Amino acid sequence: MSIAVMCSGGDAAGMNPGVKQFVEYSFELGLKPYLIYDGLEGLIDGDIKEATHERVGGIIHRGGTVIRSSRSKRFFDIEFRKQAFENLKEKGIDKLVVFGGDGSFRAMRQFYHDFGINFVGIPTTIDNDIFGTDYCLGVDTALNVIRTSIDDIRDTAASFKRAFVIETMGRDCGYLALVSALTSGAEMLVVPEMENDFESLKTKFKQQIKDGRSYIIAIVAEGSGKTDEVCEWFKTDIGMDSRASTIGHIQRGGSPSVFDRLMAFEFAKLSIDKLMLKADDRNVIVYKDSKFDFVSIDYIGSQKYQIKSDLIKLAEKLVR
Amino acid sequence: MSIAVMCSGGDAAGMNPGVKQFVEYSFELGLKPYLIYDGLEGLIDGDIKEATHERVGGIIHRGGTVIRSSRSKRFFDIEFRKQAFENLKEKGIDKLVVFGGDGSFRAMRQFYHDFGINFVGIPTTIDNDIFGTDYCLGVDTALNVIRTSIDDIRDTAASFKRAFVIETMGRDCGYLALVSALTSGAEMLVVPEMENDFESLKTKFKQQIKDGRSYIIAIVAEGSGKTDEVCEWFKTDIGMDSRASTIGHIQRGGSPSVFDRLMAFEFAKLSIDKLMLKADDRNVIVYKDSKFDFVSIDYIGSQKYQIKSDLIKLAEKLVR
Amino acid sequence: MSIAVMCSGGDAAGMNPGVKQFVEYSFELGLKPYLIYDGLEGLIDGDIKEATHERVGGIIHRGGTVIRSSRSKRFFDIEFRKQAFENLKEKGIDKLVVFGGDGSFRAMRQFYHDFGINFVGIPTTIDNDIFGTDYCLGVDTALNVIRTSIDDIRDTAASFKRAFVIETMGRDCGYLALVSALTSGAEMLVVPEMENDFESLKTKFKQQIKDGRSYIIAIVAEGSGKTDEVCEWFKTDIGMDSRASTIGHIQRGGSPSVFDRLMAFEFAKLSIDKLMLKADDRNVIVYKDSKFDFVSIDYIGSQKYQIKSDLIKLAEKLVR
Amino acid sequence: MSIAVMCSGGDAAGMNPGVKQFVEYSFELGLKPYLIYDGLEGLIDGDIKEATHERVGGIIHRGGTVIRSSRSKRFFDIEFRKQAFENLKEKGIDKLVVFGGDGSFRAMRQFYHDFGINFVGIPTTIDNDIFGTDYCLGVDTALNVIRTSIDDIRDTAASFKRAFVIETMGRDCGYLALVSALTSGAEMLVVPEMENDFESLKTKFKQQIKDGRSYIIAIVAEGSGKTDEVCEWFKTDIGMDSRASTIGHIQRGGSPSVFDRLMAFEFAKLSIDKLMLKADDRNVIVYKDSKFDFVSIDYIGSQKYQIKSDLIKLAEKLVR
């Protein structure tokens, strides 16, 4: 019996240990594992190779994904999906494990409706913005990379009387920014999920500066779109020189953390176990309250992901 | 109302962010927070200072504990406990938050029975060997420090045809070794909790070496006491040159990971909340199935900590 | 005899170990060392404290500068310089060690001409753009921080068929970019000092992509001002998706490397030794061909810093 | 014309970028480069492969050596050397670049006398113990790995009133220990090259402890053989609890630093240039006073490596 693995959408740490575990566990079960290179694009173009120990050797500690990922417009077209199906059929593959986000999962559901290819989606994104799961693969590594960056920037921030406005990734979701602000001891946070009381912050910071505070670190989620505005605000309203600094693509890189590696193993193993059972519409594996479960794509699409209220509460002192 | 914090026993990453949160949350509640330096020894000697923002500034990202820790024989003696009590009484402190292990918690229970000083213990040890909680503060950082070390050693291991036998900390508990072996892709694991089938391993490794394997990494828990034995076994039974390498005290150091920082915040906050309520015998905060709870010291002492069965299962391929 | 240390201009790793050595060596010689906080601004405002072991304890491994730095417009004004002089006079300080760049050194020369305060300037900038010295304090750390970032970004770059255009700091000088491109194995380099043959690069990259190359990393010096242009060029001329990523302020942060720490020690020690001698106009310590020397400010201002020809030669394959 | 590269003896960071540069520069010159796997053992056994871009792709940032190294007793035997020569002859290889230490170089000189195979040796060892060169490839990375370890251990050391006795590698040479002690701000140093005045240290430490010092870090070179003795000395003579910690094989691992990468490039390039000229007895490339040069094996064997006197002088305060 043949089974394949694919990465789709933005890359995240944890994909490589996940792919490795996919291959090893497939072998343990006597399955024939395949690697689809370049995501949906490779699926269409037939870039599918039989997995071997060599192909997944020495990847467990590497960021990104050695089987590469992609975004695909062609896959919206039934002709290309048919082509993709033919590629799988030729190799006898009728089961897929997909590391990706909700967009990728919806594409695969369409593919399942078209051609009956069963799949499990493993929520994988540093944005941690998928409803129904407490955790998406790659988040822990991203948070720790950001943490190290902020710890480093703190030293240079403390060398001047200056505000540092640091932008983190996360698309519309403020999770990365919020957790990073809390755990790095930042003085201010700007995320789409919370409203800032700039007047109150102004009063607070002005007092603190009077009392001797020499620098301020503010973390801004890219989704808030307010990085430049906040940087300017420090200059005009607080009267403090400021610098904006975007933590760029290093957030996606970095060797997977222990937690992301362990979760990748569990996700991959349980996804294969699920695919051995009769197909149903619960195509997405989630991690909720320390337990693994499978939910439907409709379910994860039914609501916007909400940051847990206890985190929001901890962060309240940073927005006002 | 006055409240104090103390670190006791082996240090672990997360103590510093925990102490910082202790101070900040105390201020939020209008309490008067104190810092006890040098653990039980400082408690006896009256090394207790009023907490200020300055004293806990810039510590969130530092390993170890700036208020230091100790082990104390004197505290077994009622005379010295009385002296400790007088020190607290003088400052009006009747509530303690203690970062430490079960030994420290039992000492505090005795102290409570003697003089009615209420306390909450926060399980803090890189060994992760406390029954009743899935997680002890500092474990995540330790695991990631070990991971980085093994990833680095792998490069030098791969430069020779050689087996590397790497010893991790953990006292009697194989948790650190087991998770490290899994997540670093080691080929072999030796822990007190599992029995090795050396004959089966020998057959497997000999075949793999014949098939081209050029190096082997084995992770050994210090609690197994078998590091040298395994190192010798590779030379005599497998016919492969070998080196033993102990990952030493860097396992305790290192900047706290994001997870350990977040947990330190929650542990400290909830511990203070608990101390505001009427005292009962549930003195230890635990994290179980993603939920925080309070249990008694008798409960955590009632059984030996067991590594979760799904981890044991994942690791089985490494012991035979 | 009293002596003071000051940091001026952009911060760089190595300032802290330098300040620590300044204090310790001053004590060894029986001098009375002072710390000027906030650079020239603090000099004007009299923020000058007697140095103690405590004030420079635990700083050797920290980036930035604990005595902080600044840029000052006021210092161009003789009135404020006079005020600065009075602050020094009051404490009996007539010798200064200054970590900074050529702008700061010129300011200090003016100050010397005005009031006879002798000084030595230690070239300190991650830009490595000072003529007359092979090396400026902080460069080695900056290069290693950039290296780590690029190594990390490589994993995410390799996860897509994509060009990554990475911008490094360095103002008008391409040194950081050039060395980073060489040592990270980048495929392309854009610096002010070298001309790119885009036609030749286009031919080369198109052929390589045909032969299977899946991603390209280009390093661009901020001083070239071409980051966006190059990013666009990959899309339009090469037909390859691309992303621009700026390595921001983490380049300034980071724990000082061993080389920067050692150099900071030597710079600080030799600068004090020089100040013990009769003043002359050779106010800047340099490191040239593995030897320390003192040169005049006119000399370092007489030419633009040139990247060594052997490095330029090694890099030629990256610009065409 | 064919040329080969080999690694011999202990591995060190910088070998991989060196091998990569060897291959690329050979291609640039129109040579046919070969890789000898497993050092002298592979040379005897004919494990020699034509180099390709693929074989050296993605290795620039990896520690150790992907072509592996070995120590060989067989090579002392003329029969095996003859076999090695036949392997080279078969492929038309008459030039070798060898990363290794003086033992490896002497073996190659014998090989040259036997069969006329010209070679250049690149001094590569983290011990930095080769006379005639200021620097051996890999030292800078090793120093920075040790630095990070000590910085981490410092946090845990500072958590107790305790002395930490940290042992570094370096065989008979104290260079690693001495530079590490200086740059990490250690309080004590024990190396074969310097004599400790334990009485003076005792007086100093006892006074410092009285004045409030809470922990001490001592760096001991493995070559001194005194780690346990010093650890005991703290307990008995100073009356301070102590722990010994050996920084093990991570000193050899780790991604090569920028300096080691750059030096590897220069070493490899210049070595090939030299091999293009008529053979003479100056077979070892060295780096002395910022200049590259070639010296004879007799020369590097003529004296024991001496740590530079200015470093010894800086370190004197740590031995008494």
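For reference, chains read A, B, C and D in written order, and residue numbers begin at 1 within each chain.
As a convention for this text, a residue touches a chain if its C-beta (ideal position, glycine included) is under 8 Å from a C-beta of that chain, and two chains touch if they have at least 3 such contacts.
All values reported here derive from a predicted model rather than from experimental measurement.
Greatest centre-to-centre distance from subunit B is found for C, with centres as Cα means.
Distance between subunit A and subunit B, defined via averaged C-alpha coordinates, is recorded as 29 Å. Note on chain placement: the centre of subunit B and the centre of subunit D lie 35 Å apart, centres being C-alpha means.
Mean C-alpha position of subunit A lies 40 Å from that of subunit D.
In subunit A, the residues that reach two or more other chains under the touch definition are 151, 154.
Pairs of chains that satisfy the touch definition comprise A-B, A-C, B-D, C-D.
The part of subunit C that touches subunit D in the complex is made up of residues 17, 20, 28, 60-61, 134, 140, 143-144, 147-148, 151, 154, 179-180, 182-185, 255, 257-259, 261-262, 265-266, 269, 289-291, 310, 314, 317. Residue ranges on subunit D touching subunit B, taken from their complex, read 7, 11, 15, 38, 62-66, 68-70, 145, 149, 151-161, 164, 214, 243, 245-250, 252-254.
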